[in-house]
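Take this structure, written in structure tokens, and hold onto it; I'll ask about it next.
For clarity, chains are labelled A, B, C, D and E in written order, and residue numbers in each chain start from 1.
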Amino acid sequence: MTDDTLKLWLIPLLPLIGAAINGLFGRRFRNGMVAAVALLFTGASFAWALRAVILGQHIGLPYNKALPFDWIVAGTFNVPFGFYLDQLSTVMVLVVTGVGFLIHIYSAGYMSHEGGYYRFFAYLNLFMFFMLTLVLANNYLLMFVGWEGVGLASYLLIGFYFLKDSAANAGKKAFIVNRIGDFAFLLGMFLIIQNFGSLNFDNVFSAVSKMSPETGWGLLTAIALLLMFGATGKSAQIPLYVWLPDAMEGPTPVSALIHAATMVTAGIYMIARSSAIFSLAPHALEVVAVIGCLTAIFAATMGLAQTDIKRVLAYSTVSQLGYMFMACGVAAYSAAIFHLMTHAFFKALLFLGAGSVIHAIGGEQDMRRMGGLRKLIPVTFWVVTVATFAIAGFPPLAGFFSKDEILWRALQAEHGGWILWTVGIITAGLTSFYMFRLWFMTFFGELRLGQANHGHDAHAAASHSQGHAADHGHGHGGVHESPWIMLAPLVILAILSVVGGWVGIPHAMGGSNVFESFLSPAIHAPAETAAERGSELVFAGISVGVALLGFLLAYWLYYLQPELPSRITARIRGLYALVLNKYYVDELYGRFFVKPLLALSTVVLWHGVDQQMIDGTVNGAGSTSKGIGNQLRRIQSGNIRSYAAWVAIGGAAVIAYMTWAVIK
Amino acid sequence: MVPLSWYLILSAILFCLGAAAFLIKRNIITIFMSIELMLNGVNLSFVAFAAHLHKLSGHVFVFFVMVVAAAEAAVGLAIIIAVFRSRETLNVDRVNLLKL
Amino acid sequence: MNPISATDYICILPELVLAVFGIIVMMADPLLPPQASRKGLGILSLVGTLAAIAAAFFQIGYSGSTGWFGMVRVDSFSIFFHILVPAISAICILSSLEYLDQQNIRSGEYYALILFGTVGMALMSSAVELVLIFIALEISSISTYILAGYRRRVASGMESSLKYFLLGSFATAFFLYGVALMFGATGSTSISEIAKAIAGKMNSGESMVLVYTATALMLTGLGFKIASAPFHIWTPDVYEGAPAPVVALMSTGPKAAAFAVLLRVLFGTGTAVASWQWLLWISAVLSMTLGNFGALTQSNVKRMLAYSSIAHAGYLLVAFVAGREAGIAPAIFYTASYAAMNVGAFAVISHFAGAGERFVSLDDYAGLGRRFPFLAFALTIFMLSLIGIPLTGGFFAKYYVFSAAINSNFIWLTIIGVVNSAVAAYYYLRLIVVMYMREPVTAEPCEPASPAMRLALVLAIVFTIYLGVVPGRIMNFAQQGALDLDSRQKSGVIVTGLPAAPALVTPAR
Amino acid sequence: MVHQALFIFFGLICVAGAINLLLQRHPINSALSLVVVMASLALIYLLLGAEFVAAVQVIVYAGAIMVLFVFVIMLLNAGEEERTRGSHVALVLGGPGVAVVAGLLTWTIVRMDPQLGGIAIGPSDFGETHAVAKLLFHDFLLPFEVTSVLILIAIMGAVLLGRKES
Amino acid sequence: MSEMILTLVTFLPAAGAAAMMLMPRNDRIIRGAALLLSLVTFGLSLYLPIAFQSGQPGFQFETNKLWIGQSIHYHLGADGISLWLVVLTTFLVPLGVLVSWKSIHDRVKEFFVLLLLLESAMIGVFLSLDMFLFYVFWEATLIPMALLIGMYGHERRIYAAVKFFLYTMVASVFMLAAIIWLYVHTQSFDYTVIREAIHSGRVSTDALQWLFLGFFIAFAVKVPLFPLHTWLPDAHVEAPTAGSVLLAGVLLKMGTYGLLRFNVGLFPEQARQNAPWIVALAIIGIIYGALVALVQPNLKKLIAYSSVSHLGFVVLGIFTFTQAGTDGAVYQMLNHGVSTGALFMLAGMLYERKHTYEFREFGGLATPMPVYATFFLIAVLSSVGLPLMNGFVGEFLVLSGAFQQNMIYGILGTTGVIWGAAYLLWMYQKVFFGPIHHDENRSLQDINAREQISLWPVAVMALIMGVASPYWIRTIHPAVVANAGQPVKTAAITATASGHK
């Protein structure tokens, strides 16, 4: 074993140690101590990751090293604890540790009044461990460890307020829906094992690279589709996106870290990581593109009507993930990762900002009761403003570059590029609209806190306010700005949201797209077709225009004439209800999958098969035996003469048999 | 010359009549007597075979059978008396406390 | 010159010992005050049975000799039963000591009858002459008729005795008729003479009809004694009405002896196995099935065990079906193993029955595990052995029997047998369940077991476990007995070497 | 011929007595029929040259045992038999059972008839008491002695069972 | 030492039980003695993996003495399969003693005597190399277990005990018949001799199918395989905690062990011929058990049905005849023992406090019992098959083996992953999350030190076995390969471009 200079395994291990310390002893620690431990180990992890990245640039990437002992060995098949650092994981590991560290800092403040402080940080560190394992694994199975592990962490953190049924349900839903995706991921891995005998990225991709692109539906397409289906679970794409909005039951920093910045992007990462396979499976790519594109617009429309600030952000996340998926689908993996990174910045910022807002007004999440917060919490307002403009795609903020890159690449896609682009641009408009709707409703106008509920959506509002009343039980004298321990990460993220996109300024805009060229060694993508500068700029202009349109519409509806939306929604009540209720997808799933399944299990399998058929048969055999026994016992009439008759007939039979036997 | 089979058939008839009597009669004493009848049938066979085979042992057997029959009679009648004392009946059909 | 030598006396030494002790007990009885406990007499008879066992061991040195002009034969087969039968009686006497006082029975004849009955049973196994067998059979039967009616105050007790007596005599008549026909067909009543005659007839191709009719009649009579279907019906009634220790005796002792006779009649005379094999096949299946199914819903424990004894007769017959090479030794082993567990079981029952045998219902056993751990434990061991759980004698008994059947290719019989024993597990288990898993319903005062009873149970347990853990020696003994029994060896027909383990000679096919 | 005629005569009496035992409803009548059977059997024994057996038959069987029966009948004052319907099984199964046994036995015997031959009795000492005695006290000494146990049991049992309850 | 070690491990508990029978009825001493004995046994059994020559396929520590007659031997030996099952047994028994510490307060002596007898019998089952001896031990497990259920169980204990006993008893007589048949035709009870005889074709092929079925029924009931499983939920629900732990942890493994050792080991041909329908039953078991578990209103019943599902994986793995599948199956046996053992221990602790297993009585317990909830979570996750927990490794290997054998097997089996998460998380939620509905639940005591001590080992094992699986599989693999008789299908090693063509 040569020396392991980078010791990549330390990067995930450090947060794990933190999690273990807090998990085992945290109950006896004071809050400060808990936070210190968590921050120390996350920070150390970040530092070690930085060191690894910098050193890695020197010794050359990819850097692939396994621990001296394997994880699983069965005959010739083995899975090592192997860690892998290339450009792709560099980006991911920095985003994860960096954003993660910031969010840890934020959480130290945000959660300071919550019960289960140690638990929260233990979970959060555990999440870091798994997420880092995911991005650093050198094989699919170890990646799967992280994959499932972040699911676990997500489950625990969503269910952090476990006294609420809704939170517990949401956690469970997240885990199970993810498991459905994992099912496909596992099958994909089995296919890989069966055909390549290994799960190590090196082995698999080198084997794959010797294969030619599939024109039809072949092995690689199958693997790619299965992996993709796995990714739809983690990255909340159609049809498995349903868990993510519900996941907002978790504490806000969790939403920021897990359900916006990092975990949900694991699917994108996995597809990018498997680009060698996907690139040779064009049909699978098409499917990815279509799913991404549909999810993007579908989620965006759902975001339009939400009134819960975090839910708006959740649908926005789904939508943005759809973008990334779409990017993968057009083989623009670096664009996807680029957007992943910028999205991590601004979406984390949005969530944290939203958290700061919620924190400020005592746990209220319904935007209809907010308003006018601009002056009350100015720092929050400004950072959210940055993030909002970033996500809406205004240059020169981060979101503009990454989104534009995706749209541009979509347009160039081999099949249906125009359609993808069109949908993408509409989504961009919608995104701009609902984000500014959020922005206006929250920060402008009058503070409506304490106003009566609007008639509809009473349920959602009620459950949220109730829940958070409990969570934020510490009385708020009034609206107040969050402490600096929370604001500092916001500011850093705001800066990143501004400058984060500059690493990927396309050639068309005079940049050199450093990001893409940095990533290219780690990505198996067809070379970008050279396009004229002019048209790329034109399309970029269009997208900015659309974003502006969204802003103006929101300005009109939610700033100038705030009473107008309710009139409009009254006019199109059906459609509005449809959108508000998320197209009733949850209900459909419930009606057509969950309920029938439970009914089948209870009525048919448990009561029917188990109790009636099997036990019934067995018990029936038992009682039949007893019945036979009772009948047979009736021979025992108690009458001596009848007994003698039995002896006589028996004797007759014996004699008859033996006479017959001897004559025969 | 009487064919041996005549004796044997007579013996079989007596035996079976005894068995039939056991099945038909209701009085316990009569039933017991029918057993004696069966034994008598068997004895006839013994004696007939003894004569046929010229083996005296057949006669000895009859002697033993009679002893056994006597012993059985002593015990059997004592049992019958005891049963009569406890049940006040000699009808075998009424002695059916134990069943099933 | 005295034609009667010492060897002749040695041949009947255990019987002599038993008879002498029986007479002493009988004579001593009137000397005791009428209301006094007869425990002393019991202990005296116990000594008698032990002396008889010692005598049987003494006989080992004289194995192979015959006495009384070819009437009795001492060989491993007879010694086996000469040890087994007095041992059974000994344990029955031990468990009776307490029972008689409990039932307020003050008569020493009880013990004398047991001893005399034992004489008959012992003689049944060593007699090699049909008339002597018949007389011995009658001795054992008549003494058990009387013993069955020992609870004279109870109507069911007398009814049991009457039923046993009438039906027993009826069946004996069949047996006797068989003996007569056998005498006529072969000209002799000595087993070895009969075997020679039959072998001769077989060689000369003479008609065998009379021989087989005779065998059939004897089978009928013996079938009654061993309580195999369809001659089993008397069993539940008689066992229910008879005193429990007597049932312990008569479900094992006379049965073992009757099986010994059956072995002699079927294998000793050299009748063709094929002529009755399927008959016994049917009888075995019927016995197992009727016995087990009848027991399933019984709530009277004595009656349940009566049905179980029918089933066990069925298992035993399976060994007969397996035939000469394979079957004899397992059958002999089975009698011993069944005796150990059944005597024990009835001993426990006789203790729990209480004055007047009022507590013989399954429900009365509720919670006994808590109230009388030792007794419940003992009964559990016996039940497990009856089920056929490994490490008990019952298991090996069944195992040897079924091995024999498989060895002779009676696969279906084996399957029916094992399924039956699985069904049987249910009702035996019920007793265990009730004892350990239910809470006592009534707190009826029940005395703790007397030392004698404890000794009896310990002995029965020890035997049951001994047969279940190291059955090798007993099995060897049984195999030796099987060798001695087999007619063909004596008549020099075949037999090079019998299998070392049961049924084990057939070369791999 | 004479022998045959005598056999047929006594044989018929025998069977008639047995049937009468069956038909009579009073136990005393049945007992007397049994005595008739036994007596005529004794004569048939004589036909077979079994003098000792014939004598014992009359003395022990007809004389002693049957007297015991009659005595018990008197003692218990047994009246006419009731016609109870105790059991159908007894007739439904027992009837055919006995019939089959009888049929098979007869059939067997008839079939065996040619091999069996006949019994000619002559004025021999066959069956004479002296010979029987020799056999009884030599070859069959053990059974003879063993019967003493049997009788002991019988006596004891009779005493025991007949004894009044204490 | 290595001659005697197996005998010592096997009979030490039984000898201890015999000694305890004679001890006075002092509950504290009895408990202590039982714990000490079981710990000493565990300690002794640890000698096995330490001294085991791993990588050797054959049996080790063999001891072979004539027992009864000429052919019944006292033949014990351990290979890589049985080795770990023995250690699993000795590992779980002390925990069983610990969890019974307070919950058993009536007839304490009998309880621990039975427990130790059971331990001996279970160890014997895994170590016997003489078929007769195997059957003896096999049946010997039956009585202590039935008594444990029947004497110390809950309301319907009698029904459950009788059902358990009869199911197993009825099924195992077929095995006995098969064993006897084999003996009659091979003149031996020795596993290796019989195996040799069958493999060399000295036993007629027609008979082999029937023999296979005879063994199969006995083991299938024990596993239990659908549709022979219905005794299991009843037995589990009614059994006392230690009984459930050992029932799920070890007794069920006797079934899968038997399938592997005898059905596959003795009859490789028949095993392959019959594999399709057996696999079908296993898969039905996986899905069926999970679906039924999903709707159970009773904690223990749910865990019981989860066992049906999990053992389905094991059977599936065994009958895939692939390296990964069989290695995984054996490993999964151990995992299931640890994880389900833990679940039952946890369920028992809750029962001690609440005297019910019904979910409607629980809810929100994470607040009053955080430590308990954490342990429970670990057990649940181990059971769910979360990577880095033990359950995952076995499940993954089994499923990948199944997939290699037949894609449909793999796909259907893998759905179990979804169901598993669904019912276990549902269970966890019902117990620990949501508002507290019953006020008395607010004041429930969290687990005490003794209970923690009993849970730590399983929790730690669940993690270690999830991370360091090669340590176990290194010894399991050669044994599995040797046992399979025929070469098992290896994973495609060709990492070449033409791999799929």
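Just so we're on the same page, a residue touches a chain if its C-beta (ideal position, glycine included) is under 8 Å from a C-beta of that chain, and two chains touch if they have at least 3 such contacts.
Note that the coordinates shown come from a computational prediction; the quantities given were computed from them, not determined experimentally.
Visitor: For chain B and chain D, which third chains touch each of them?
Guide: Where chain B and chain D share a partner, that partner set is A, C.
Visitor: What's the chain with its C-alpha centre farthest out from chain E?
Guide: D
Visitor: Give me the ID of the chain with the smallest distance between its Cα centroid and the all-protein Cα centroid.
Guide: E
Visitor: Measuring centre to centre with C-alpha atoms, which chain is farthest from chain A?
Guide: So the farthest one, by centre of C-alpha atoms, is D.
Visitor: Can you pull out the chain pair that has more C-beta pairs in contact than any other?
Guide: Per chain pair, the contact count peaks at B-D.
Visitor: From the mean C-alpha coordinate of chain B to that of chain C, what's the distance rounded to whole Å?
Guide: Measuring from centre to centre gives 26 Å for this pair.
Visitor: How many angstrom lie between the CA centroids of chain C and chain D, rounded to a whole number?
Guide: The mean C-alpha positions of chain C and chain D differ by 31 Å.
Visitor: Which integer distance in Å separates the CA centroid of chain C from that of chain E?
Guide: 43
Visitor: Rounded to a whole Å, what is the gap between the Cα centroids of chain A and chain B?
Guide: 96
Visitor: Of all residues in chain A, which are in touch with two or more distinct other chains?
Guide: Residues 633, 635-641, 644-646, 648-651, 655, 659.
Visitor: For chain C, which residues are shared contacts with two or more other chains?
Guide: 131, 135, 138, 142, 145-146, 149, 152, 162-163, 166, 170, 207, 209, 213, 236-237, 423, 426, in rising order.
Visitor: Please set out, as single numbers or ranges, the residues of chain D touching at least two other chains.
Guide: Only 86-87, 90-91, 94, 98, 101, 104-105, 108, 112, 139-140, 143, 147, 150, 153-154, 157, 159-161 qualify.
Visitor: Output every touching chain pair, sorted by label.
Guide: Pairs satisfying the touch definition: A-B, A-C, A-D, A-E, B-C, B-D, C-D, C-E.
Visitor: In their shared complex, at which residues does chain E touch chain A?
Guide: Its residues touching chain A are 167, 227, 229-230, 233, 288, 291-292, 294-296, 323-324, 327-328, 364, 366-367, 370, 374, 381, 386-388, 392-393, 396-397, 399-400, 403-404, 410-411, 414-415, 417-418, 421-422, 425-426, 429, 432-436, 467-470, 473-474, 477, 481, 488, 490-497, 499-500.
Visitor: With touch defined as at the start, can you tell me which chain D residues reach chain B in the complex?
Guide: So the residues of chain D touching chain B come out as 3-4, 7, 11, 14-15, 18-19, 21-22, 27, 30-31, 34, 37-38, 41, 44-45, 47-50, 52-53, 56-57, 60-61, 64-65, 68-69, 72-73, 75-76, 78, 81-87, 90-91, 94-95, 98-99, 101-102, 105-106, 109-110, 112-113, 116-121, 126-127, 131-132, 135-136, 139-140, 143-144, 147, 150-151, 153-155, 157-162.
Visitor: Can you list the chain A residues touching chain D in their complex?
Guide: Where chain A meets chain D, its residues are 635, 637, 639, 641-642, 644-646, 648-652, 655-656, 659.
Visitor: List the residues on chain D that touch chain C in their complex, please.
Guide: 104-105, 108, 111-112, 115, 138-143, 146-147, 149-150, 152-154, 156-157, 159-161, 165-166
Visitor: For the complex, which residues does chain C have touching chain E?
Guide: Chain C reaches chain E through residues 369-370, 373, 384, 387, 389-391, 395-396, 399, 402-403, 406-407, 411, 414-415, 418-419, 421-423, 425-426, 429-430, 432-433, 436-438, 470-472, 475, 500-501, 503-504, 506, 508-509.
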